[in-house]
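Going by the order they are written in, the chains are A, B, C and D; count residues from 1 in each one.
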Amino acid sequence: MVPPPSFTAQLLNLFAAGLLLISFAMLSQRRTRSLILLFGLQGAILVASTTLVAYSAGLRHLYFSAGLTLVLKVCLLPWILLRLVDRLEAQWDSEPLINIPTTMLIGVGLVIFAFGLAQPISALATTITRNTLGIALAIILLAFVMMITRRKAVTQVMGFLAMENGLFFAATSATYGMPMVVELGIALDVLVGVFILGIFFFQIREQFESLDLQHLENLKEE
Amino acid sequence: MEMVAAPSLTVLLALVAGWMTLGLAGLIRPHHVGLVGRALFPLGALIGLGVALVGLAALRPDRLAEQLVLPLGLPDLPFHLRLDALSGFFLLLQGAVGAGISIFAAGYFRAGEGTAPGLLCLQYHVFLASMVLVVVADDAYFFMVAWETMALSSYFLVTTQHRIPEIRRAGFLYLLIAHVGAISILLSFGVLQGGSWKFTFDAMRGPTLSPAWATVAFLLALVGFGAKAGLVPLHVWLPEAHPAAPSPVSALMSGLMLKTAVYGVLRVSFDLLHSGLWWWGALVLAIGLFTGLFGVVFAAVQTDMKRLLAYSSIENVGLIFSGIGLAILFRAFDLRLFAALALSAALIHTLNHAFFKSLLFLATGSVLHATGERNLGKLGGLIRRMPWVAVLALVGTLAIAGLPPLNGFVSEWLLLQAFLSTPRIPQPFVNMLIPLGAAALALTAALSAYVMVKFYGVIFLGQPREPALMKAHDAGRLQRLGLVWLAAGCVVLGAFPQLALTATAGITRAAVGDAVRMGSWAFVAPLAPGQASYSGVLLWVGILGVVAVTFVLVRRLYHGRVRRTAPWDCGDPWQTPRMQDTAEGFGQPIRHIFGSAFRIDRELPSPWDSAPRYRVQIEDRIWRALYLPLGRGVQRLADAVAVIQGGRLAIYLLYAFLTLIALLVFVL
Amino acid sequence: MELLLVLGVPLLGAVVLALFGARRHAAEVNALMSFGTLVSAAMLVLRVIRHGPMLVWHEQFFIDPFNVFLVALTAFVGFTTALFSRPYMRIEEHNGRITPGRLRLYHSMYQLFMAAMLLALLTNNMGLLWVAMEAATLSTVLLVSLYRTRASLEAAWKYFILCGVGIAQALFGTILLYFAAEGLLGGEGMAALLWTRLDAIKGQLEPTVLGLAFVFLLVGYGTKVGLAPLHNWLPDAHAEGPTPVSAVLSGLLLNVALYAVVRCKVLVEGSIQHLPGRMLMGFGLLSAILAAFFLWRQGDIKRLFAYSSIEHMGIVTFAFGMGGPVANFAALLHMTVHSLTKSAIFFAAGHASQTAGTQRIDGIRGLLVLSPTMGWGLMLGALAILGLPPFGVFASEFLILTTAMRDHPWATPILLTALGVAFAAIFGRVQAMVFGEIEGRPLSHSPALLPVFAHLAIVLMLGVYMPPALAEWYRLAARLIG
Amino acid sequence: MTAAPLVRQAAEVVLAMSLAPLFIGWIAQCRAWLQNRSAPPLLQPWRTLRKLFWKDATLAEHASPLFRLTPYVLFGTMVLAAAIIPTVATNLPFAWVADAIALVGLFATARVFISLAAMDIGTAFGTLGARREMMVGFLAEPALLMVFFNAFLISGSTALPSVVERLAAPPFIIYPSLAFAGVAFVMVLLAENARLPIDNPATHLELTMIHEAMVLEYSARHLALVEWASALKLFNYACLGFALFVPWGLASRDSGPGAVLVAVVALLLKLGAAGAVLALVETVSAKLRIFRAPEFLAMAFLLAVLGLLVHLLLGA
């Protein structure tokens, strides 16, 4: 009745690959709107993989977290962000600090690094989802790079959220999810964080007439 | 508990507590000069005498060291106190000299600009108390606490007139160097405790460290205490801080505080490190001699009387340390008697210097009060307006110039005797070099006479260089009392050096296992009667006798008629006070001979200008060669570091990212 | 029970103040709530002293000497800071820098922040620890941006992003930890996240995973400790936020973050001996030396002391890295005296900059003449933080330096340089501010200098006399850290 | 102790006090002869002193007591020095009061006092003289000490009697180090006693003078004492030289009156020779510029140190 674990594992790996692909796409994407959409998509895949893991391992609380993710990351956050972007007319991100191809190259390097790092660990994982840890790590690092290279506040936040996704993926796939309390706490924090960010966007807007991070470089050792 | 076992320590603590209460009492009515001056400071002086007595009691030969533990301090490290001959000697010094200074201070401080007298009184007595505690502390922590409290209280005393930028700068420099020195001392203790994790001095006496570690400990201690003592090149704070402070405080710092550094070095190198390498001694000797020469040469070219005295303090500290160096050297070759001789010389010079340097600083204080002038170029002829101060200062001047039959000479004599014993050292290079050391010592002594003639002559002799000086008034009664006390000390120690010598016997016996021979009641013969002997008291008798006899004879055989006229001066009719040598003029030969030591910038008047002015400014090369580059280096580093905080968030994230990657690679 | 109070009172306070925070007596309520927290914390401490460590609520909370003393410290400083913030905020309001509405936000967030930190300290669950840390970050972000000036917004933004990213790393580290442990403790329930459980089996955990986990945890929580080069948010946040916030950030948040790091170190050292210690020592030295050089060219009084916090956190981290009973003891002591002294300094500095009407150091002069108490407060505080005896900071530095001299002589030159440069930098500036001619005008409300001297008095006492109970307590904690 | 030693002591002091002016006179005579001038009588210095003592003293109106005290102090120190230095016999009770180092100290005391007195009036010449005197002093004193050190190292003692006895004791040994020391000593002697080439005792009203510039303001009995003191100083230096370099002929501890007589004769001979040599040196050498003086004395200093090193090197 239960599909052969190998198949589940393959599916999971597929999702994982999808996530990685999306983070590369986000890394190369300039339009803020499509970034948000990509983020939503990432969330969706996350939900899928989580449910898959939950189903295959028969863990109830993972369904919860899958649902949570669905609500939070697929619907709520993208919706909020899109509205923000519309309100703040910040569709376009200006040219990133490092041009796209170079970023890609760095990204590839990081993926290799992450895999290499995860190899010994995933070897001793007990779950069927052993190899995904490396991918999660790779997603986190890529998100990091994205935050570094982007110039607009919104896109930086996108990077932050992508990183959060990576973490979530790591939690679900590698360890069958954290305990419920923790999940809730994390979700709450993310939500509040995003709200605060929203407030910030408006405040920054009213102070600096733009969300460009170049305005936020005045505090330094002169 | 131990309270019973340590009577004199208990008394000492009571006295210290007395000082503290006096200080706090000052806070009751901070601005009431009468209370502070007429009541508190004299009481403080009395307590000082008590401290001196405790020290004296501890110096009795049959006396064993007392120990006491207070229920204070760190959990595993309560405050330990210990009173042995060495601490006793320094207690005697601090008490006796401190008493004189306190009496003087009673008549000195007055309300006005700067810190309120009451607060001053607090800081002053905390300063005294902390110095006393430094010499009885018997564990590293308590020592450091007392040591830094001393630095801190003296810092506040120095910056009494904190509205003057120079004084702020002086205070800052002083506390900075003091603190760095303190850290170095602390590290030295860290080595000394030898992994036993017990910071009591008892525990440190126990283990014999490996030569390498011992050397580290010794050098750290030397740096730390040298910074406080003003050894070149750590001396730069001294000529700034001493003039900045009120005169009694300068006296305390120069006469007492510098000596705590001497105490520290002795404690570490003769008590905690019970054996030493010979080159330590050579090093200390070299530094000491260089410091001495450096100090006296710079003193000779000063134009500010307190700066002059400050530099002369550097000189004397140098002499003391050369004595210590010799002692270490001799000990390393197990020449006990000579080690004892050198050590006694150093200790006695410490005592003497405390007396005459405080005396002179206080005298400058009186002059400062009477005239409001510190610049030698604006003084002169005060011997007629303020005879008391002049006469007492003369005693100090002759003493510090190292002239018999006063006390300054005795210690220099002992030091030279010690130098003369160096051929016994079985180390060819050392005893080849020692003669040069002796030469440097002799030169220093001779130069200090030069300096002191300049000091005394320009301030008290000649004609007043400013009309205002004619209104100068002599010191008040309390001030005189203090000066007389200190001057008497100089005379007595000069006449009966064997008193001081006996006082050091116990110390040297404990430190190097031998003591100098005592000679008779009138004679000092440290090595052997036939070999070298000196009698201060008979010299006094001789000189006074001959002078008296000559005087009487001249009067009897001839007559005592005197006619007062204008000075002759080779018949040169018009003479103005401006024709006499200025301080700069008096320093000129030194500038000429030791020119390479200074950084001189001079303004020579052109032949044409109507009002020709001559200005010369002497600077310390070491300041420019060492400290300014250091400051610049730090500045440059700071500028470089500041780039890190560039203000761009992406870069900050990059740092975090790279750190992460680096650590991951590190654990990989 | 006490536990409930300790966590509940500040939460209640947050709610109450969120509702009525704009009223006239909000500040008093704030102080009152903090006092309640302090009392309940004291009760908790007594309980622990009487009955020893305790595990409650399905092991979700764990109180041992290590965190209970931090709880007491946090509650105390929280209370005094509340006392200080009363007149301070009044003056700010009087100067028109903030509105009553903002005051409400301020008060409730203050309480929330307290609650978050106490939770972080008390919880036994690494996941909850993470949640609490994040909550603390979020609440302070709003506090930092309270003035809504460009500078404060920028500072808050940087603070948020940097700490957010950092905390994300910490989460990944936590996940790895869980991942390593669940094999042994089972995924069900939260056994694999409970520190006590992990501590019990730390010997058997897989070294490679723990290594990775520790790296992420260190980078994550280290960002909040302000370890160089992850410190960049710290000076901005301290300088631009309201002074009470700077005080609690420096005095408490850094401690709590460091507490988290140390907890993780204890776990990781179970299977990897030297690596964590070395990392901590490295970070510590780097922070200390870099901060010292930053101090050298500071023009802003609050930035100055912010960097000094980085320096001291570096020293403490170094001490924890060295390990061993003496070093740990010293580190704990240093945490205590640093947070007391530093918050006291921030109190004095805050009023000083209000008096002078600027935070620029060269704009502040002659405090001693203008207001002796304030001047002496700042001067003594600075001397204390610079490690001059008889203040307690010296006691801990004494132990740390001597230990370093014996065990890691190579580190002492760096420490010596750091301390020397820091001394020159800070003392020169403080002296210039305290001494000299008067600049500035008296304040509209009487400043609260009682907290300053209360803190300094305690620090002074710790320097010359440590109550045996306290000492015993430190020893226990030090032994726990190992 | 009995009275005998004290008597001997007193006799020796009186001898020194009486011989000192004669020695000055003798040098003046020799110089005159060497310069083909008619010589002043030998007793001339004594006559000058007598005359000065009878005159009325003239003081500058603002001269301080220090100024009046100084001549007595000078005279006192020099007499004391004469009492310490073994001129005729070595067994003097007072010789143990102060050793050679203390002797140098005594000379320094005298120098300091006269310089202070010179500054007291506050005239241009006085201060200038004082400054130069002190300069010469601080250069000469170390050199003198170094000279002594040579002798000390040989005799292992700083007490002059012991030194003399050790040096005079047979068998006769040549100490190469003493050769250096001797030259150095002569140079110091010239400098310290205001002789050519450092100072010119015969001149006045010259910006180059040192000693005379200081005593300008003195007159009558004060001047007499000062002059007598300086004569004694020269005499003392001469005797020191004899004691260190030609110690033979002195009466030792256990020797009868015969030996004393011999010693006196020997002393006279030595003085005669020394005076002649001094006169010769002064005649052949020209006065140095004041700032050549440091070089001159540094030379002396180095010679003495060289002597020390030679001694340590050769062990003799």
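Following the convention adopted for this analysis, a contact is a pair of C-beta atoms (placed from the backbone, for glycine too) under 8 Å apart; a residue touches a chain by one contact, two chains touch by 3 or more.
Owing to the predicted nature of the structure, the values given are computational and were not obtained by experimental measurement.
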| item | value |
| --- | --- |
| Winner on C-beta contact pairs when B-D is weighed against A-C | B-D |
| Centre distance in Å when chain A and chain D are each reduced to the mean of their C-alpha atoms | 101 |
| Centre-of-Cα separation between chain D and chain B, whole angstrom | 36 |
| Geometric centre distance via CA averages, chain C-chain A, whole Å | 31 |
| Whole-Å separation of chain centres (CA-atom averages), chain C against chain D | 78 |
| Numbers and ranges of chain C residues touching at least 2 other chains | 157-158, 161, 165, 169, 212, 294, 297 |
| Junction residues of chain B - those touching two or more other chains | 642, 644-645, 649, 653, 656, 660, 664 |
| Shared-contact residues (touching 2 or more other chains) in chain D | none |
| Chain pairs in mutual contact under the definition given at the outset | A-B, A-C, B-C, B-D |
| Chain B-touching residues of chain A, taken from the complex the two chains share | 97, 113, 116-117, 141, 144-145, 147-151, 156, 213, 216-221 |
| List of chain C residues in touch with chain B within their complex | 157-158, 161-162, 165-166, 169, 211-212, 214-216, 218-219, 223, 228-230, 232-233, 235, 275, 279, 290, 293-294, 296-297, 326, 368, 383, 386, 388-390, 394-395, 398-399, 401-406, 412, 416, 419-421, 423-424, 427-428, 431-432, 435-437, 463-466, 468, 471, 474-475 |
| Chain B-touching residues of chain D, taken from the complex the two chains share | 53-54, 56-64, 66, 72-73, 75-77, 79-80, 83, 94, 96-99, 101-102, 105-106, 108-109, 111-112, 115-116, 119-128, 130-132, 134-135, 137-139, 141-142, 145-146, 149, 152-153, 156-159, 162, 204-205, 216-217, 219, 221, 225, 291, 294, 301, 305, 308-309, 312-313 |
| Residues of chain B that touch chain C when the two form their complex | 71-75, 140-141, 144-145, 147-149, 151-152, 159, 162-163, 165, 168, 171-172, 175-176, 179-180, 183-184, 186-187, 189-191, 193, 195, 197, 199, 634-635, 637-639, 641-642, 644-645, 649, 652-653, 655-656, 659-660, 663-664, 666-667 |
| Chain C-touching residues of chain A, taken from the complex the two chains share | 117, 120-121, 124-126, 133, 137, 140, 144, 147, 153, 156, 160, 163-164, 166-167, 170-171, 174-176, 178-179, 181-182, 185-186, 188-189, 192-193, 196-197, 200, 203-204, 207-208, 215-219, 221-222 |
